[in-house]
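Input: structures, listed below.
Heads up, the next two complexes both have subunit A, just with different partners, subunit B and then subunit C.
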Partner chain A sequence: MIEGLFFLLFFPGLAFQVVCGLAFEWLDRKLLARFQRRVGPPWYQPLADLIKLFSKEDLLPKGANHLIAALLPLVSFSAVLTAGLYIPVAGFTPFSFEGDLIVILFLMSVPTLAYYLAGIVSLGVYSVLGGGRSLLQFFSYEVPLLIALSGPAILGQSWSVAGIMEAQTVQGPFVIFQPLGFILAIVGLIGKLKRDPLDIPSAKSEVVGGSLTEITGTKLGLWHLLMKVQAVVGIFLVINLYLGWLKYLPAHLSILVFVIECLIMVVILSVTSAVFARLRIDQLAGLGWKILVPLALLQIGFVILMGV
Partner chain B sequence: MRKITVPIGPQHPLLKEPLSMKLEISGERVLGGTLRLGYVHRGIEKLAQQRTYVQNVHLIERICGICSHVHTTTYCSAVEAILGIEIPPRAQYIRALMCELERIHSHLLWLGILAKHVGLDTIFMHAWHDRELVLDIMESISGGRVSHAANEIGGVRFDLDEENETLIRTNISKLHDQVSGVLDVIENEPALQARTRGVAPISTDLIRQYCMVGPIARASGLDVDLRRDDPWPPYDRLDFNVITHPDGDAWARTIVRAEETRESLHLCEAILRDLPGGDVTVRAPRKVPAGEAVTRSEAPRGEVFYYLRSDGSDQPARLKIRTPTLPALSLLPEQLSAINVADIPVVLAGIDLCIACADR
Partner chain C sequence: MLQKFIDKTYRWAQRNSLWVMHFNTGGCNGCDIEILDLLTPRYDVERLGILAEATPRHADVLLCTGPVTHQAKDGLWQIYSQMPSPKWVVAVGSCSNTGAVFHGSDTVLGGVDKILPVDLYIPGCPCRPEAIIDGLLKLRERIAQGEPDQV
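Let's look at the complex of A and B:
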């Protein structure tokens, strides 16, 4: 019971995820700033931003549904935290069962749907536009992402993240056999996290703040926090599925390797957001269905041939 | 699909200056829109009639924050034309130098804004960082980064010394590298091209019909540049290329402006090389004899037109200012119909509106 609570609240649950989220965000912002010849924020800036948001007045437009608007970030936050529980951190998994990959992927799409609903219930013009865009974006990246992520599952002959990770200790990291799948997973992850260059649903110059335009104060703080945690969960997931070969390393070494892998992922995401312009939603749909899906299928075909 | 009306402005992250648009949107498609102007109307033409010619130089400087120098240059040359005085050659060169520096900084600023609007913040930061080099030059020679107070009737208010010239030379050579680097990046950046190519095309006919000027006209293949077509000294003695592009879309405008920045850098170097010695001012009387004058010059956004009528007192009887943004604004509602919501920033950035100039 105590142990379970510790897992839920500290490691690998709430506290760990939030700290990682803040750290990754700081690193990302600092790197991006350096790429853009800026100084970048001090290490406590993400936390300071969050505290400021939580202390702000909570407003909604007249006629908006306060209950649903408050529930949406809470539900999404718990969904991503739950997803985080099933993902091994440096080989450590308190909870794991056959099929948890599917549960994680389902829980990870909850925030996207909630984001859409937040746009609808908060009754703003830009919110509705941003919400619609987030659904369109969801349909563009989700299918190639799911096909790509099933590659490691087929190769590792398991639908559990821990199982796939263990399979890699024998077979070697799957990124070697599935470089294409790895790239597709990163593209899908960027789309899921609504990061630049796929920040179409919240593009400031187009739809102001997207779905969250009318959301303020604690609710906005929660939304930002859950997106940070979602980034952590996404990064951990990709690392475990493609770079997870460290099960039988000594504990301290495996932690070190895991941290380095996380850093590499953050650097990849930062560089991507620094060098690409935002796509238009029709261009993203074209990219998703005409290029990414065929590539993902190609990768799957290759994996199946390899398995035979 | 249901139609919704989306307000853009007077306050919107997309706009740097107040402008109000109401756009009819169905899904991701813009069906059309209406435009409302006048949020920064300050009545400058009327104010100018109530001030002396000398005071007006400072008033005119405040029409625009980006192309302030070209406005005072045009105004001063109108007054000088009625007075019948010719300013010393050194003053002419210094005026032209400031004009070209202003063009470089305006174009870099514009490139940054376009990049920011399509989500390419890196180019935005780099372009604005490079722009600081120009602002440093301006600050060192005039003391002001935005308002330079460089012109007075009869010449310019400061001279260049050895130190200024070295700073200009070093910063210009740095800018050459930076601008080439940025150009290299935007020419090889597929996503930026995907966002701007074929967006908001304007045909040469439409350019003629709406009297569009400046980089927009040149990007639609119309070869106009007042610095060459109706040169005021010292442009008649300077050699430069007029950049044109046949495509007429936002991408063509990007390339035209980027290449023009390069030409302006060459022009700055040429001006420094040919800079004659001598005085920078001649004495001008406070009262201007009755008469009228029309002067035009090529601002960063195109032709600036001044009409000045004097009734023999020390205050203008009428001052009419026409800025290059005006024709661009009249085409805006047409350009904002039948496009995607995501293209609105590109359309707006592509025509490089200067609302303060247009509203006056």
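Let's look at the complex of A and C:
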């Protein structure tokens, strides 16, 4: 009982993921600053932003539904945290079961739908536009992402993340067999996190603040926090599915390797957001359905042929 | 005791994370260009925690430029009331401080303080980005000392 609470509230759960999310945001902003030859924010910047948002007044436009607007970030935050519980951290996984990959993917798409609803509920023009854009983006990246992530599952002959890691200790990391799938997973992850080349739903110069335009104070803080945690969970998931070969290393070494892999992923995400400009929504739909989906199907075909 | 600690933490956070929104109430665009300069990588105000926000709902500081015209005064008031408190107003440039050369014109009310409670005046025509940074640092000090915002 107490052990379970510890798992939920501290190590793979709430506290660990929040700290990782804040660290991720700081690293990301600092790296972006260094790419632009600036100094960048101090280490406590994400924490200060979060506390400041919690200290602000909570406003909504007249006629907006306060209850639903408050529930949406809470529900999606808990969905993301739950998804994080099932993902092994440096090989440590207290709640693994067969099929948890599907549960994780389902829970990870809850925030996108909540983001859309937040736009509808808060009644702003830009919010509704941003919400619609987020759904359009969802249909473009989610299909190739799901096809790509089923590659490791087919090759590892298991639908649990821990099982896929087990298979990789025997066969070697799956990134060697599925480099294409790894790239597609990263592109899908960028789309899911609404990060820079694919930040169409929250583009400041086009739709002001996306769905969150009218949302202030604690709710906005929760939204920002859950997006950071979602980024961390997504990074852990991709690392475990494609680079999860460290189960039989000694404990301290596996933690070190895991941290290094996480840092490499953060650098990849920061570089893409620093280098590429935002796509238009039609370019994204074209990229998703004309390029990413066929490539993902090609990858799956290779995996099935290899498995036979 | 606990309340004091919470207040102190909130003040620390507010001082280290000023998100600014920029609104031109009818100026000549000179100060606006200086504000855009301020937000470029060269001056790097992100190291002070200052970020540009596009919507007043997310902003803490309203950077006003230009004299307040009769046409812009309702919009200015609306944007100010959309900001969640605690919020601060900074008048950037001589026109928004006093109305400057437009003082006494039929179409101009005067400085921003005719409409809103202004927390900080930054003079200059146009004021340099360094001056704006200096002003925002003074605003940070005032927040740290716990002066309440004027609502």
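Please note the rule applied: the second predicted complex is superposed on the first by the 308 of 308 C-alpha atoms of A that agree within 3 Å, B and C clash if a C-alpha of one lies under 4 Å from a C-alpha of the other, contacts with A are read in each partner's own complex, and residues count from 1 in each chain.
As a working rule, contacts are C-beta pairs under 8 Å (C-beta built on N, C-alpha and C of every residue); 3 or more make two chains touch, one makes a residue touch a chain.
Note that the structure is a prediction, hence the values are computed from the model and not measured.
*Asks:* Looking at A:48, would you say it contacts subunit B, subunit C, both, or neither? Reply first, second, both or neither.
*Replies:* Touch partner of A:48: subunit C, not subunit B.
*Asks:* After superposition on the shared chain, which partner residues are touched by A:208: those of subunit B (first), subunit C (second), both, or neither?
*Replies:* Both: A:208 reaches subunit B and subunit C.
*Asks:* Kindly classify A:282 by the partners it touches after superposition: subunit B alone (first), subunit C alone (second), both, or neither?
*Replies:* After superposing on A, A:282 lies in contact with subunit B but is clear of subunit C.
*Asks:* Counting only touches as set out at the top, which of subunit B and subunit C does A:39 meet: first, second, both, neither?
*Replies:* A:39 sits against subunit C, while subunit B stays out of touch.
*Asks:* Look at A:274 in the shared chain and tell me whether it touches subunit B only, subunit C only, both, or neither; answer first, second, both or neither.
*Replies:* first
*Asks:* Per the definitions at the top, what is the overlap between the subunit A residues touching subunit B and those touching subunit C?
*Replies:* 36-38, 126, 204-205, 208
*Asks:* If we count contacts the way the header does, which residues on subunit A are in touch with subunit C in the complex?
*Replies:* 29, 33, 36-42, 44-45, 47-52, 55-59, 126, 204-205, 208-209, 212-217, 220
*Asks:* Going by the contact rule at the top, pick out the subunit C residues touching subunit A in the complex.
*Replies:* Against subunit A, subunit C makes touches at 9-10, 12-14, 16-17, 41, 44, 46-47, 49, 53-55, 57-58, 60, 82, 84-86.
*Asks:* Can you list the subunit B residues touching subunit A in their complex?
*Replies:* That would be residues 4-7, 12-14, 25, 27-28, 115-122, 124-126, 129, 189, 191-192, 194-195, 340-345 of subunit B.
*Asks:* Quick check: in the complex, which residue numbers of subunit A touch subunit B?
*Replies:* Where subunit A meets subunit B, its residues are 32, 35-38, 125-126, 128-129, 132-133, 136, 196-197, 199-200, 203-208, 274-283.
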